[in-house]
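Quick heads-up: structures coming right below.
Each of the next two complexes has chain A plus one other chain: chain B in the first, chain C in the second.
What follows is the complex of A and B.
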């Protein structure tokens, strides 16, 4: 397995936020995780990204134990719900940010960023500052900035949460396209049921710090806890 | 016909604001101006020539003040920025922030009197280093409180993002935090420079007359009733803040608005 998370526990004071978290993920796959606010999703992602230290447990990436590795050495990029574009840099420089940090030659940076702008359907927007971009464009630049560094694992924390329905749908399609084009392995956290089903090759459900990963989508749909059945009943009742 | 008073009122307000400064310059050019003369018997650059000839040590005081204020502004802005970050992430953030108000509870003269024993023991009494340290004690908490509003969850998220993109601490500062805080850093530098530039009570006690900043000199001239030199030193006193104000207005405030 590419990513193996073994018995991770994390508490803040007396409150146990993540309880015995264990799951694995194959390379080039997306595990979407559904969960309500406050169920421990963000803490789980930040722990995997190295931004929070776990109380116990292990994280293996490509067979290497990275539990104690600093976030900057993990090659795992964490994407927030907010696009967090650097306000002093234009779209091109935002995408090039990670590449410049890694001291990639200038020519290669230009080539990679131009290719990324094309993949993100952002041609002609390179010189625009973040304030001149729409919500969807900003989120795309944020994606580009994360993907351009070729991360081993991408952690997405409700990345489309702040977008309107139409933009959200377009971004979901774009994300699917990008994961195939750039062979991305990712954990996609969302509280949107439809998005969870659409985005993941595998689906998990998190509640009160406990994550349950389903064998396939059928198991997920049939589990009454996930809320899929009640959704089906609701929409069926409208007929 | 209704008279529009607005331009007249505005002009009067501008005149009233500008008058003290113009009068100050005029007074610095004058000498031997006695009652009931309407104008001084001499108007010229005699005072300025004397000063620039360093006869009264005013020019030396100007450069001493400049050196002290620049040192205080640089040290307090830099350390205030860095330490305010540590305070923001500290579990006892509130207590530490409250402690930063302590130097402002006491009057500067009383505060200096409290510190004088320690300064004497450390050999910092009556020298420029001592004055810089004393003024730093006043300016640093200001910088610390000033930057406390900069640090927030969003800035923390930026830091985390840079880390996951592969950036180390130095890169986080140089490529993200400092560009984000550029405007605030310049304003804080300006403010702490002014705190130091116009500081009197603390400087007079710790400097014990050996360190004569321009502010100290102004008071000395006023005590000696040498109005012309007093006005001249006031002109020198106002000059650097005006230059700083101009740069702030031109390069900082414009970008912040």
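What follows is the complex of A and C.
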């Protein structure tokens, strides 16, 4: 397995936010994780990304124990809920940020960023500052910045939560395209049922700090806890 | 005829902000060319030639420029360092209250405090004497009314550094530098790279206008250099007031020449700095 998370526990004071978290994920796959606000999804992602230290447990990436590895050395990129761009950099420089950090030659940076701008359908927007971009464009730049560094694992924390329905749908399609084009392995956290089903090769459901990963999508749909059945009943009742 | 609200605003701004300043400038300009003034006999370049030939103005401008620059650089640098290292502590109630205190102290009081602390008969000189570091007052180093303007720079720093700390803390919060730093770390940036590529550029870019305005403010500061400055060279405002209040009536016109020159330089600098600029690409 590419990613193995073993018995991770994380508490803040007396509150246990993540309880015995264990799952695994194959390379080039997306695990979408559905859960309500406050169920521990963000803490789980930040723990895997190294931004929060777990109380106990182990994280293995490609067979290597990275539990104690500094976040900047993990090659795991955590993407915020909002389109958080560097306000002092234009779209081009935002995407190039990680590449410049890695001191990649200038010519290669230009080539990679131009290719990324093309993949993100952002040609002609390279010189624009974050305030001059729309919400969807900012989110795409944010994606581009994360993907351009070829991360081993991408952690997406409700990335489309702030977008309107139409833009959200277009971004979901674009994300699917990008994951295939760039062979991305990712954890996709969302509280939207449809999005969870659409985006993941595998689906998990998180509740009160406990994650349950389903064998296949059918099991997920059948489980009354996930809310899929009540959703089907609701829409069926409108017929 | 009914006057629209925005027009009233512009009218008030012109009446309160522009007219008095323009009137004072025109008065100073006419005085400098001898058109008005008790002992003046009409238009002449005599006072301008005298000021430009003596070099006092340029020495004073250079001196003021260096003092303001050093004070602003140390204050901004210090405030950035404090924000970076002690941000969490400063957000606590007691410290956040303490840091507001220096802002409530007027410049003239800061000047007197500095004088009482650092003069040859002041607090530290007495302590040094008691501790046996010096045997007489003259052995205490020149820290006020000195050539290097140490007393003036110290006062300026104590006056403006707390302001910059508060400003940077505010920008840090508003611009979400904390989250951006975590993001940069996630993209592979080390602590130093985060400081250089995220923390500093965001804070400086958001505050550079105020930094420049404070520099201009210090360039024309009066009370502190009056108390803590030396005889020569003097900071510009002190020089101007001294010239204007002289018994030699010719010197009054020369004082106005210095005032006009100073106003022109600062105005041109402000216009050049604040002219709208195209968005720059931040390549590296």
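Here is the rule we use: the second predicted complex is superposed on the first by the 239 of 239 C-alpha atoms of A that agree within 3 Å, B and C clash if a C-alpha of one lies under 4 Å from a C-alpha of the other, contacts with A are read in each partner's own complex, and residues count from 1 in each chain.
Methods note: contacts are C-beta pairs under 8 Å (C-beta built on N, C-alpha and C of every residue); 3 or more make two chains touch, one makes a residue touch a chain.
Just so it is clear, the structure is predicted and the values come from calculations on it, not from any experiment.
On the shared subunit chain A, the superposed partners chain B and chain C overlap sterically.
In the superposition on chain A, A:93 makes contact with chain C only, while chain B stays out of contact range. Judged by the touch definition given at the top, the superposed model places A:129 against chain C, while chain B stays out of reach.
When both complexes are overlaid on chain A, the residue A:71 reaches chain B and chain C alike.
Once the two complexes are laid over each other on the shared chain, residue contacts for A:146 go to chain B and to chain C alike.
In the superposition on chain A, A:102 makes contact with both chain B and chain C. Note: residues 49, 51, 71-72, 75-78, 80, 84, 86-88, 97-98, 100-102, 145-146, 149 of chain A belong to the chain B contact set and to the chain C contact set alike, using the contact criterion stated above.
The residues of chain B lying in touch with chain A in their complex are 154, 157-158, 160-168, 171, 175-176, 179-180, 182. Listing the residues of chain A that touch chain B in their complex gives 46, 49-51, 70-72, 74-78, 80, 82, 84, 86-88, 97-98, 100-102, 145-146, 149, 155.
Taken together, the chain A residues at the contact with chain C in this complex read 49, 51, 71-73, 75-78, 80, 84, 86-90, 92-93, 97-98, 100-102, 127, 129, 145-146, 149.
Contact residues on chain C toward chain A in their complex (touch as defined above): 175-176, 179-180, 182-190, 193, 197-198, 201-202, 205, 279, 281-284.
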